[in-house]
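Note that the chains are named A, B, C, D, E and F in the order they appear, and that numbering of residues resets to 1 at the start of each chain.
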């Protein structure tokens, strides 16, 4: 989308919603929000709102997907028709197929799959409102939902995006920044490690910007991580 | 659809096709009309024409639909592309999915499912011309086809709709009455009982009208029932 | 398509591309062109370019397609989106479903299916450029690919079309001739026999023309047959 | 649930409900509106532990040829797998379709939305009203929860502004409320043996063979009905359900603003 | 059918047909037209016990860019599950598609319908002719039954009136017949061992490996052919089939009015 | 591949590659263009034994409402079953979709095609550029082969002439080249244990858990990245991959004309 000529995304070092360049939007995380799912979480990052729910470990159907000696993780990311400005037709599209795969791969490194031979852990993420950063918010919610479900994991996975707008590297793009910005770089980090389990980039960056953006996104993950732990603590006290 | 201003559906106590308010359209029922189906029936109610055919009891595919110790009934209602004024695209739509379910539930209470453990009774209803009342005609045809197939049942199921046009409760709406009328209330009755196995309503009715409409529809079912029995008698004499 | 008034497909006994009436377009056949397929072939007939690949004999999924005591042949004909003037939407359409069936039936008479009980031979034909005669070229490529895969066959199958343009029976229509011509008659012949395993006709012919066209197409198959043998010889020397 | 448990419940439930409610007693109802700012209208309903979210979106489209001056309404339901381990992702199945169609009929047949006021340019452009039902947690009686959430979301909905080219301008102040003039409320009873149970839970639904949904209006009239499931009902069941629907509908309508 | 029965039939059938017909003998043919009043044209054909219903619907649509002055024809076939326990509901499979395409080619290649007369507004609006084939009972040789029913339904079809806005007015008296000028008739033989059997039944089809359909016109010319199934034929088989098709086509054409 | 073989390969591969390449060594690359005359542009790339064909087709369509003056680009990938016994026919699955989207992002985010020059009539008509990726033989690293073939096909593409009615006239001399101004090159490394292997083969991919694709431009900047697969990477892996991509991209760009 082309930015209107008179639009400024950064004014006097502040972004349109008043944030500093390296500031994340308000984050709200709640664990255990659904009655029928074995684990669940609700996450808000600014205007982005997602719910994740876990079923299983349970038998796999169709059978040929079953894995000998270990469990599998299945992930389905969807957006509610009313989550975006122009109503989205229900059902999966190419974007949601790719994102489901990305979320799955971001989470797999932490799960102890050997504990549930032949079973499936089924994770569903529903975006009920989208305001940029839905894949990061999905990973955050999914990670908490898996923990809430008691799935054994070696750590939580946190996720946040950095980006570039009007030549500056900033943390956690919101909707207008994503539409009119120059680059978006979502990252997921395995907490307590240097391991990156999600890394994508849309948009042009030079070497220095790339390094800066990755560092900034990783620092955002640390902030998110604290909120995740806090939500789980609240749930179980 | 909005009724043209100068259109009258009732003139001097008679409807456009000359019927009285509580009169059903001409009904024609024939049993055993198809060679390859184990049971079948053709039903005309006015301009509405349907054919029902039964296959089975036979093995269920896919296997997971199979029921322990009893048979299942599967129903598929379809409309021929040429059955309506504007050609209908072939294949199921949301309406036909709902109607298939309604027809199935209307018939299930009379079938002795225990007689055919693990098997499936497959019922197909094809609407070859639609002039209102297709779900009632489908139930009528299906019931006769099941009897023709020798499926053990405790009774036949009859079906007929009542409705409201120009403020009056009438029996068995035809096409124009359905388009320009105020309410449509299809009913199915298990013959020889007071049991209603189909009941739907589209349109506003007050308490008195509702009672009147249900009674009228039930009385229509009685008329239909005689025609069903007659068709089966003709078939087997 | 209607022929422009001033268009002539035959001028002084020659066709637009300079061919004589009974002359085939330049044919190029290469066997063993793909690394991962067990057998493969590339065929060009004029501007028509197809690739065929064979996998198997291998287990059949879903299981219910399996045949007791013999193998099955499965064929999938597809056209690349860029193979035609107006981009073709990816995925099968009705034409490609029919052609897949025709190609399968043209090849089945020569395969010794008893050699591989319960298995499937899976043949895929990809049209990467279409300039008329794609089904004949597909059969030619498929036959060579099956031989390259070492599938036991009693003979190769060759294929070529005859047609009618401007009142004359001609061999091997090209794109413009197919669009503006009067009839197209693709034929496949089992080499060394009088057996025809593909025969279709689109367009009006009288008795004499029909006989002439079939003979001409069969003679075209003989030419193709030599090219097929040559390609296999080149591959295995 | 095993066959034995089902049998046990069947004999038990017509005397005493699992959650000790009276036969005609509804579960507590909570309605929250406006929580999806992106949507023109939204509502989340909790009926007991059943949770349903409905978003209303407006778009500009072409009218049907036989009603060139009327807006178009579309109701769609998704049984998200997060709501129930039994729900599967994929195209809407039988139950989702029936749910959407029962809610649709309540809205449509009550003439709840004044469709004539949704015409922008006769025969060319009208408002399309999309009501998307998202089931978040299924603990029984989805139809009532979805029906209430839908009407609540409609009452919450604003008509977006059109710019001078006729395109939607969502940044501008909305053009006022959606013209909603009726509040159809679906009320469902489940039948077990010969007892009718109001607002059945998911566990009760497992042993119930028939449900009857009666949708009523402020004036006490019925505007839609649906018998669902493979059992049967009688005329007196219908009378009971109709009375209950009127009474309960009145209570629920008070919670809508 | 067991393998043994198939084998037995294979050796038997080229001497004696199950229904004692001669090798070149058709089953009795009945044609009934106009039974679907909603359709612009319709016909039901009984060929022996095989029953096929065809409805013709007309609609207004856009022409193809490469033939802006011609109507569009679409042939579709549904193998309804009522017709054969083997047929499944779902999107048309291989056999339904082949059936529709063989019938389509007969109509299209014979120029049976004068497409030039179906232009309403060059490049913008033309008549679309939908021929929907509904198989009611499959007792063999669906192609011939469907092809005959299609041409009978076309001959029965009326062109609806257009109102002044260019919309179809189905209540008005039709504008006359559909311009049908050719009567292509498909005639099929099945090959078993080296014998050709006319108009094969469903039982015969189970042991037949190849069928050949030859569609001819009043002038004795052929306009479409299709070899179907995995066996082979010879040039002399084709000659025989062509002769039979001409002769049988003439008989069948007499029953069309 | 058995579990044992996989394990063996895993311990083996970070010391010695199966084809004895150095860790940072690409397989030989061959690019052939223009082989599909029907397409506006085409290229076949051989990367080792991996073979990919890309065809570019142009069509006239409507622009997106939020960019009325820009052409539209669509990347689609088909994993044809001829390319790999594991590929199945049917609608594009996860892997085909990811492949197409990674290539798409390289083209789109680098602003490789000057979309502003593809406007025909503002808000009404623009050029649609379809890039169809056809995998012919999968011996590993499809993304790089597909990305290179796509940019090669774009550089090969001509803009067809429009006739006076605004229709494409493919018989006329083309209107010049497609305006392609950037050559984004994707370069992929696979990670095994802690070793990064450039341009992995299909066998290597079976034991590799993570790949990282970095797409760079002539100016040395990165324009798209994708970590693929279920393992993890570190910041220094990324640095290595970025350097390799710049270096390799430069080499590959020389082969494009």
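Everything that follows uses one rule, which is that a contact is a pair of C-beta atoms (placed from the backbone, for glycine too) under 8 Å apart; a residue touches a chain by one contact, two chains touch by 3 or more.
The structure displayed is predicted, hence computed values, not measured ones.
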Number of steps on the shortest touching-chain route linking chain D and chain E: 2
Between chain B and chain F, which partner chains are common? none
Pick from A-D, B-D or C-F: which interface has over half of its contact pairs in common with C-E? B-D
Where the centres are mean C-alpha positions, what is the separation of chain C from chain D, in Å? 57
What is the distance, in whole Å, between the centres of chain B and chain E, each centre taken as the mean of its C-alpha atoms? 31
Can you check how far apart chain A and chain C are, centre to centre, with Cα atoms defining each centre and the answer in Å? 51
What residues in chain B touch two or more of the other chains? none
Chain D, residues touching no fewer than two other chains: 92
Think of each chain as a node with edges to the chains it touches; is that a line, ring, star, complete or other? ring
Chain sequence round the ring, chain A first and chain F second? A, F, C, E, B, D
Residue positions on chain A within touch of chain F in the complex are 1-2, 94-95, 97-98, 100-101, 104-105, 108-109, 183, 185, 190, 193-207, 210-211, 214-215, 218
Chain F residues touching chain C - in the complex, by the definition given at the top: 36-39, 42, 49, 51, 53, 55-57, 59, 76, 78, 80-85, 89, 91-92, 130, 132, 134, 136-139, 170, 202
Touching chain F in the complex, chain C uses residues 34-37, 40, 47, 49, 51-53, 55, 58, 76, 78, 80-87, 90-91, 122, 124, 126, 128-131
Which residues, counting only chain E, touch chain C once they are in their complex? 66-67, 92, 94, 97-98, 100-101, 105, 109-110, 212, 217, 220-235, 238-239, 242
